[in-house]
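Following are the structures in question.
Shared between the two complexes below is chain A, which has chain B as its partner in the first and chain C in the second.
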Partner chain A sequence: MTLILEASSAAAGRGTRVRSKGERRMMWKALLFVAPAVLLLAAIYIIPVVVLAGFSLTDYQLGALSTRFIALENFAKAFDDPVFLRSLKNTVIYAVIVIPLGVFLALGLALLVHGRKRSRAFWEAAYFLPVTATLVAMATVWQFLLHPSIGPVNAAIKWLGFEPVAFLSNPTLLIPTMAMIGVWQILGFNMVLFLAGLTAIPKDLYEAARLDGARHPFDRFVTVTWPMLGPTTLFVVVTTSISAFKVFETVAVLTKGRFGSETLLFDLYLEGFEYSNTGYAAALTLIFLVIILVLSIGQTLHLDRKVHY
Partner chain B sequence: MARVRQFLPHLVLGAGAFIVLLPFYWMFLTSIRSPAEIFDVSLWPIPKQFDMAVNYERAASQVPMMRFMLNGLIVCLGILIVQVATAVPAAYALAKLNFPGRKLLLTLVIAALCVPIQALALPLFVGLAKLDLLNTYFAMMAPFFLSVFAIFLFHQSFRSYPDEIIEAARMDGFSEMEICWGLVLRGSLPSLAAFSVFSVVAHWNDLYWPMIVVTDINLAPPPLGMLFFSDVESGANYGALMAGAALITAPMIVCFLLARRHFIAGITMTGVK
Partner chain C sequence: MQKSVELTGIGKGFGADDVLKNIDLSVKPGEFLSLVGMSGCGKSTLLRIIAGLERPDRGSVAIGGADVTELDPSARNLAMVFQSYALYPHMSVRQNIATPLRMRRLSLASRLPLIGALAASAEVLREINKSVEQAAETLHISHLLDRKPAQLSGGQRQRVALARALVRSPAAFLMDEPLSNLDAKLRAHMRNELAALHRRLGATFIYVTHDQTEAMTMSDRIALMSEGRIEQLGTPSELYEHPATLTVARFIGTPSINLVPVEVLPNGSVSLFGQALGLAAAGHNAGPATLGVRAEDVSITPEGLPLRVQRTETHGADRFVHGHLQADEALPVTFRLSIGAPVAVNSDDVIYVSFPPERAHLFGRDGSRLAAFPTDRVAA
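Then we have the complex of A and B:
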């Protein structure tokens, strides 16, 4: 009896040893599988973020002979720098125009397209086209369209009996004009996100709402569609605001920051890569990063919910 | 009244589509008509004089337009290949294998999803400058060799692959590499297709990073080349300028029209579901 017990426990012991050996081999294989990704993660994300934070505390200039540690001086300087403050203000104005228009026009389009059966594919394609098209090239086309004397937009405005509008030379109109191009570009993207959200709403909810007395389509929108679209709407607002704060291409093509039309990223680009004020640009980058991180908290929570560790 | 209600949505959608598509139409129309018609603001589709060949030839000779496209192709393909090669095994290990630090790695991947390239550009640029690697294809591609988004996406998709099949394949003597690339990835081909579209479109259209690391015009990808071209032409010849813009946007537009479903799925993948 004891003999049998001993034998069986020995066998069990051997079994676990064999398994743990196999497990260890598998563990090494797994580590080998993630090794390239881990190395790249360190080289592209972790080390650069640490270096960036380090730069932001110095007056480092690429190619300069000496560098001093200046603590938080760069950050203090940023909030005294009229160009940076102007770029911040411009970016906020841009976002304030792009977010509501980009979200609510897209929602309206999605509601209209969702009801179409045969022509749905066509409308989807038409509104999505600007999303795929190279923005630098399309901004050049917009420059031509909005040209004060030879552009068709101003020709139409004159034909309607109004004064031509200097979209791209009147300083107060620069940011709104670029925001309209931003809306034009993001509309199809948001519309497709809303369409996915609309498709996910169960049909019986509308039936139930109708039985409950929501006869008018508008009532059904308020009682069913809008609340059910809540998560989608939040997500669309977040992605739209992140892309609004990253506006760069339209500025690079249309104004190059002339007439005080710099945006956050464009100012960052100038300081860091044109003027080589590496330390100062690092501080500005950190401010930019904080804005983006705050905006993307919502997005991360959304993604995080879908991950099961 | 019923008829009006039926046609009103089409009317609104049509008016909106007219505005949305106007730039594409104007680009193409200007690129095929004579520069002499530049003051003609009518939208009439048939130009008095077809100058398509002249405009496109000028766009291709004034700047190395074909070279820009080739650069774009090299950069996009290089990035995509390395992204898939590094992300697929990592995602497989995260989804199906056990190893110390798995949770930490997953957390880092999700944290990295929030960090845009523009925030990393400065240290990466200084690093590449110190290594004397500016103005190379490598510099244009390197920051994108790791796509945390690809890891995240493939991880989500691989998790639903049945463990029994993996176990059975191991019993049959398949190596982990074969299981990862031959079985599990094959079960996630739609994700791979969508990610490829996402990656290629993003990098074909990207201006920020190439503008930082490339000053040699012969290495410029399409957007940087276009910027350079519009500075050279500076409004003198809109026919050629629009021909250049049409050339640069054409590959993505044609692919989009051919594989509409995949494109929409790929680009909006960052979204819900």
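Then we have the complex of A and C:
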């Protein structure tokens, strides 16, 4: 018995050694296979972010001959900078309007379009058009539509007997107006995502719900549609939040940041490319990245628990 | 709860195809009735019409004497078990089973997520919970109540689907191939359980399957469907012993019935490859016909029809011999018979087989059964 045990343990020991040599070879092969992905990731994301973080700790200005390490001074300055704080506030207001409207209106549209049989293709294309159009060009169109004296929107308001509204010069209306354009732009894309989610729901579940006594469409929505759309909703909310925080084109075209309408991305564009404060812009970019990261991770962790069965 | 289900003149077409052609069917209260047939015969459509998931183009559906043709599925008080089980993946087993009760017994406000719990009466919720636990106990899934469907095996999901169906004593149970996603052994086990469940509940079961074994073993009556019509409606033994058409004879029984082309002579006597079989067809049916005889009715005899053995198949207690009837080498006719264990039969042996003529079934050219009676001669 002991003999056998010893023999087997000796064999096992030899086996481990042999295996570890083979394992090492496998490891090298594995590294070779992941190398392209790692190198690309490093070149495109990791190294630029590290360089960015490096710049954010200096007072470097584009073309300057000397530069100083100033530690976290840029970040301290940012949270004292009224323009940056205003842009942060504007971006949050913008996101608070765009995220719920962009998600729930799109869901409503998807439900309506999903019920169409023959006209479905038409509605899909119609709502998807703004996604394919360049926002810069579309912003110009909106500028015309909302113009206080020649725009059709104000013409309609005047025809109804109200005072014309200065959508693009009244400071309190600026951000909501741009948010509406943002919703208009993102609606079609989110609707298509929801439509894909709706198509993937098995018909059996609706039939089971009907036999289980779900006579009201609302019951079927709560019992089947909404829970089954969980994964789609998570994805739509995350992508919508990210694109809401990235708002730039509408500001650049419609107001150029006038009347206190700067947003995060527009402010860091001004600092980096108009005023050449590269170091400061790098710090702002880092803050922007952290906000996006926290939002996406938070939403994913929070909703993930609810949507995966 | 036992309710009858009456179908009168049901017709249904999809596009140009008539899927169901004028179906009349009456399911008695407490009966286990199987709708069986090949895929595409219309059996699932018929079940969906009873459920209310499809509307018939013609005809009417009555449950317990009340016409429900125009009623929504939710108002028909039927329970259905789907082939895919159709469990709600985001709900626990407990919530899945409770859904039909919540839909019926709670108000719209108290069915809302989150705030609903406040509006619902504690009394009703307690009753629902009690019914759920009873249903779970009946199907031996009490220990699974807090799991999600994704964490269950196929057999367990099947039980949850059944529990969801029986939690509220419906007028009738509709089952659409509920066992076809299970492995063979579990399927045999669930067949017994379903039959036992039917006996215990005494409820009306309408069961759709393409598997004749399921239909034969569980049903009180079988409606065999083909091309949108009911070919034959009867007890399992009626369908087995007296198939009304060639389709029924082919479909029912394992192994399949032996079918051989025969000739009905002008004097009525039936001959196989020129050999009289001791069987006569009634009426004027001279011409080609088909003779059917079950494997267990054929035996090895010192003389009779020569059969070249192809192979034997052992099923434990049963052994089946497959062979070709030799009279026509160009057109081999497969013939199967069951034999007792002691007989040694090898491939390529030529054996002689015969069968009692009264056990044979004769079908005309259109596939319908022909009346036949044995003549005084014993089968060749």
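Quick note on the criterion: the second predicted complex is superposed on the first by the 251 of 309 C-alpha atoms of A that agree within 3 Å, B and C clash if a C-alpha of one lies under 4 Å from a C-alpha of the other, contacts with A are read in each partner's own complex, and residues count from 1 in each chain.
The rule is short, and it goes like this: a contact is a pair of C-beta atoms (placed from the backbone, for glycine too) under 8 Å apart; a residue touches a chain by one contact, two chains touch by 3 or more.
Predicted model only: the values in this text are computed from it and were never measured.
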Which of chain B and chain C A:125 touches, first, second, both or neither: first
Partner chain(s) touched by A:23 [first = chain B, second = chain C, both, neither]: first
First (chain B), second (chain C), both or neither touched by A:117: neither
Contacts of A:216 with chain B and chain C, given as first, second, both or neither: second
Which superposed partner A:135 touches (first chain B, second chain C, both, neither): first
First, second, both or neither for A:207, with chain B first and chain C second: second
Partner chain(s) touched by A:227 [first = chain B, second = chain C, both, neither]: second
Residues on chain A lying within both footprints (that of chain B and that of chain C): 309
Chain A - residues contacting chain B, complex: 23, 26-27, 29-31, 33-34, 36-38, 40-41, 44-49, 51-52, 55, 62, 109, 112-113, 115-116, 119, 121, 123-138, 140-145, 150-152, 155, 184, 187-189, 192-193, 196-197, 231-232, 235, 239, 242, 246, 248-249, 252-253, 265, 268-269, 272-273, 278, 281-282, 285, 288-289, 292-293, 296, 299-300, 303-304, 306-309
Chain A partner contacts - residues on chain C that touch it in the complex: 51-53, 72-76, 78-80, 82, 84, 86-91, 99-100, 103-104, 108, 111-113, 148-150, 164
Interface residues, chain A side, partner chain C - complex: 202, 204-205, 207-216, 218-219, 222-224, 227-228, 230, 309
Chain B residues touching chain A - in the complex, by the definition given at the top: 9-10, 12-13, 16-17, 19-24, 26-27, 30, 38-39, 41, 43, 85-87, 89-90, 92-94, 97-100, 102-103, 105-106, 108-116, 118-127, 129, 142-143, 145-146, 148, 151-152, 155-156, 159, 176, 180, 201, 204-205, 207-208, 211-212, 222-224, 226-227, 230, 238, 241-242, 244-246, 248-249, 252-253, 256-257, 260, 263-264, 267-268, 270-273
